[in-house]
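So that you can tell them apart, the chains are marked A, B, C and D in the order they are listed, and the count of residues begins at 1 in each.
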Amino acid sequence: MIYFNNDYSEGCHEKILDALIRTNMEQTPGYGEDAYCKGAAEKIRRLCGREDLAVHFLVGGTQANLTVIDAALRPHQGALCAVSGHIHAHETGAVEATGHKVLTVPSADGKITATQVAQAVKAHRTDASFEHMVQPKLVYISNPTELGTLYTKEELTALADTCHGLGLYLFLDGARLGYGLAAKGNDVTLADIARLCDVFYIGGTKVGALFGEAVVIGNPALAEDFRYLIKQHGGMLAKGRLLGVQFDALMEDGLYFQIAEKADRLADQIRDTLAELGVPMLVPGITNQLFPILPDGILAELAKKYVFCEQERVDESHRAVRFCTSWATRPENVEELCRDLRGLCR
Amino acid sequence: MIYFNNDYSEGCHEKILDALIRTNMEQTPGYGEDAYCKGAAEKIRRLCGREDLAVHFLVGGTQANLTVIDAALRPHQGALCAVSGHIHAHETGAVEATGHKVLTVPSADGKITATQVAQAVKAHRTDASFEHMVQPKLVYISNPTELGTLYTKEELTALADTCHGLGLYLFLDGARLGYGLAAKGNDVTLADIARLCDVFYIGGTKVGALFGEAVVIGNPALAEDFRYLIKQHGGMLAKGRLLGVQFDALMEDGLYFQIAEKADRLADQIRDTLAELGVPMLVPGITNQLFPILPDGILAELAKKYVFCEQERVDESHRAVRFCTSWATRPENVEELCRDLRGLCR
Amino acid sequence: MIYFNNDYSEGCHEKILDALIRTNMEQTPGYGEDAYCKGAAEKIRRLCGREDLAVHFLVGGTQANLTVIDAALRPHQGALCAVSGHIHAHETGAVEATGHKVLTVPSADGKITATQVAQAVKAHRTDASFEHMVQPKLVYISNPTELGTLYTKEELTALADTCHGLGLYLFLDGARLGYGLAAKGNDVTLADIARLCDVFYIGGTKVGALFGEAVVIGNPALAEDFRYLIKQHGGMLAKGRLLGVQFDALMEDGLYFQIAEKADRLADQIRDTLAELGVPMLVPGITNQLFPILPDGILAELAKKYVFCEQERVDESHRAVRFCTSWATRPENVEELCRDLRGLCR
Amino acid sequence: MIYFNNDYSEGCHEKILDALIRTNMEQTPGYGEDAYCKGAAEKIRRLCGREDLAVHFLVGGTQANLTVIDAALRPHQGALCAVSGHIHAHETGAVEATGHKVLTVPSADGKITATQVAQAVKAHRTDASFEHMVQPKLVYISNPTELGTLYTKEELTALADTCHGLGLYLFLDGARLGYGLAAKGNDVTLADIARLCDVFYIGGTKVGALFGEAVVIGNPALAEDFRYLIKQHGGMLAKGRLLGVQFDALMEDGLYFQIAEKADRLADQIRDTLAELGVPMLVPGITNQLFPILPDGILAELAKKYVFCEQERVDESHRAVRFCTSWATRPENVEELCRDLRGLCR
């Protein structure tokens, strides 16, 4: 079988593996206070163009989301997000388990708009019973979104302006950030994100690392005592340097961006093939995730050879599915898939 | 001004006040372990037709909701309810503050159906990533709902059968239960509720008491150690007998049902007048809450003399508002309102 | 039987009852936004000598404690208190249920010292693994303490200075504050407490009211959005005016202080009798609680006629017990008790 | 510098590293549902001599502790442990953050006894105000303890019998379990632990792995839906196979036990040297942790060449410190340390 079902089926990029092997028997301080973590954080600060950023390395996305949100909010405050937001849909109530409500707004493409945020906040503040409702205080977005869509610089700027104008934090979940930054048509840079968001993270797990998300905090109000929160939520690795070593390698000589770019170009190849064949997409996307809508019959054929994800049933005879490329995808497999699609869809 | 804005503007019914005055200087054990609480619980058991029910008296509805739900659920489990459900919409995230997600299903009239519950549970259980989502374990309904609608015996039976067939608890918020039971057209009895629900409460705050909700637990799994939970959530009154005394009076000689009936009949009078005038209603209702849709101009006139609640804007020139009667509503005020409506709407 | 077991066996003082009766059928806004709550808050501000205080009325002590502490702390912060502190010993983990650890220091008399606070904070801050421990951020004291002892102005000033010098909040649980203020030998005024503490409450439940604690917040950082927290924790009474009416009566013409004084003088009478008889006390106290150490035989005799509380076994033949007076204690019962003590202990 | 400060300074054992390298580019299902996790779980079941055990792999100890305890307890229940217990002392209130109180009993050597448990439970159950206190429901022990001491089979059996007789769960934190099992004088086997405890874990992080703790659940009541809890607390690794691969290697051909044994024998060498020199120990221990009490002067000399941990000041001129060996400790470093100790302490 050829796997296109997700971007976390393999271990890590060889350069990261080399770094882990090379440093394996070094003795370092525990709990993320080693030189590798410091070095990786420094590289991230440089790439973001801000020397004042706090950088912490966490093991996974759900952990990063719950720790950041719990650190940011007072008990009566909630996180506003798209109904498809990962914290709402796929984290077993991790945010609620810290006591906070997730407040959703509708979204067809995984994104939310500055206008939606402004309206939700206005609706809260003008309601006579506002104290009987959870106060929106943080906006959670994912970029790329769960549907593979991307915010433009204009959209992100509007969101940031709206949030800050209203006294809300903007938090960007970048579990697949690399694939977003490397997408053709993307106009947002890491420095833009660091400038516009109060806090965000650079996903490693899905972009070449064994595991790890680099949480980057630009707003000092959110940075205070953050390590206590990491420890309290079970996110402080005794051998914290494992995260530092990996991100140090990822951020060295643009590795992170190169491997994301490779994955995006392979996805583009599939995307172009699907377009050429007139296959409709559930949502338009430009990153490493594709959501084609295909007839059940063709999907049954494809499933004999390829592994992909079910997304949703579209009508009686069609389903939207997800194909993913990753840093580890082999070009010959993409070519084979395109060939097979051409054979089946024509 | 004449108040029709809610059913908790006054103190308590005179018979309750008399009971409080009469017992004021008695010395009783604290924390709800007095004879009045025992007596009131016994009366409730008799009215429910079940000797095995656990009965606890809590101060208010939000407190009752959060305590019951927290007692019932394990950390990864959530409460399913209508999007208009009080726990979702108007309790400042009280349920989430205990760590549990509220899972919503759409509803136009405040009710949810057995089919919706079955579908939600099936969707959860058949999802490949079910462990990444909150597990539905309890269904929360309010009866009457927040929109003044009522479940029929058939609907409630279907809900209970579905819940129990799927291993879920059914929890009925009866903050306004009296007004539901006394409604013309209602076919559900207290005994039905006690038989069908795992846990429910009989609202006192809005039906004649100063405060108090009688939580009735039929499912022994939910009854265990319940008093610890009450104490932990700050709901155990030192002078717990205040609740016992009030419910003892309410349950004496059918007082609870009589005063609810009076309020419902007064609401019927307004309802009939509105129907006669062709005023449309936001939702059809038969209890003490009415949600007429009226032109802004008429509402402005009414607002000079009457206090009512804003519900929602319906179109550019019409709003739905809420009028409430209660145990304390004076018939002459209802007559005056009907007269004025006739004058304005004709 | 004659009850000396606690100070919450009866209902409320007749003046409060009169106020409740008088206002019973008035229509007021709900949720504590009525004129009685405003009036009572204003009286409290005046008695405290500070116009900038935020005043909120909650139903009970555990509720007040958990709401204040949850409002004050970030997730990794804890409340420091005596090992005998009510939040640690007798609230079923209410504070922990909001996610916060209670950090204890030893205490023989129910009080903690400024030195203990300074040492605990220093120990935390100088520990190499400080981020692996809960950060002390709030000091919880009760005054009178659970053992009936009182802080002197000097002690309270030292505690406040230490807390504020170290960036901690000082929170005083005044469930029995009236009995403390009226005690012979007490040198702390309500204005002192309002000046020295960041937040405290004036207990009504045990000092003449049916229920109710007036939370007084002097530190604006703790006051922000406090009503959301009350609602979230189920502490917002629909008929909030019940609390306002009661505190308005309590604070009128010094009623609160008079009834506490009466109880204290009656306790003094018992205390003098015990001293005269050479009965040792578990702790020295000057308020309405007494903890004499008596032989089992005498306690068995007393138990035939009086109800009192078991405190702890002192040795094979002696136990410490608690006798309480209250606003409702009848002088003739005190005289009878003293007579009987003289008869038994001589 | 030569490091004896802890057992997590290096990466992982070479056999584990080899396994990670070998499997790096394999494609496996995510979230711990791969063949490596299954295989490792199977090996653990076999070593424990029970086919019915549920085995889950978590990243670290704090995460394992909070997830297990949150899964086991209802909201009003708490975990009983020694005052030195890791969950009480060094996890930033992780257990409290899940809403549960940690209930401590005194301990000089890190262990608690069956008698202490029985007394604490009896004290709770016989207290008139038991519902005002947190209910003890789980006993947390660490073996080896935080002070390097070990439970004997007799002690562990007594604890288990007491717990089960009283309806409590017994949970053993085995972060350093390997070093305990391999200790000279230890009479407890993995099978004993699996038989006596309701749940325990086999620590990998400190015994040869990069990270990872294998949670082993013998009591079905604790096993239900455990993966939801892992996900909710951010403990479910996308590339879960990393844990499976590591534990598969650790449990292959007794590797786990061999490397622990090596560390223990090296610790014995230091222990024998200290004994020979008459150096007192803070607590008697037989595992890889040593707590000698040494004069400040000698410690200052040692600190020039060796890194060790401060434990506590014993008197004006002596401190207890911690020396640790591990799977990675080099014999020549141990010899050098022994030589230097002989030179300094004679």
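Just so it is clear, contacts are C-beta pairs under 8 Å (C-beta built on N, C-alpha and C of every residue); 3 or more make two chains touch, one makes a residue touch a chain.
Small disclaimer: the values here were computed from a predicted structure and weren't measured.
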item: Reference subunit D; chain at largest CA-centroid distance; value: B
item: Same or different residue numbers at the subunit C/subunit D copy interface, by half rule; value: same
item: B-C or B-D, whichever has more C-beta pairs in contact; value: B-C
item: Rounded Å distance between subunit C and subunit D, as computed from the means of their C-alpha atoms; value: 42
item: Mean-CA-position distance for subunit C and subunit B (Å); value: 34
item: Geometric centre distance via CA averages, subunit D-subunit B, whole Å; value: 50
item: Subunit A residues counted as touching two or more neighbouring chains; value: 75-76, 91-93, 97-99, 131-132, 228, 231-232, 236
item: Subunit D residues touching subunit B - in the complex, by the definition given at the top; value: 31, 70-71, 74-76, 98-99, 131-132, 135, 225, 227-229, 231-232, 236
item: Subunit A residues within the subunit B interface of the complex; value: 75-76, 78, 89-93, 96-102, 128-129, 131-134, 310
item: In the complex, subunit A residues that touch subunit D; value: 3, 6, 8-12, 14, 17, 20-21, 23-30, 59-67, 91-94, 97-98, 205-206, 210-211, 228, 231-239, 242, 328
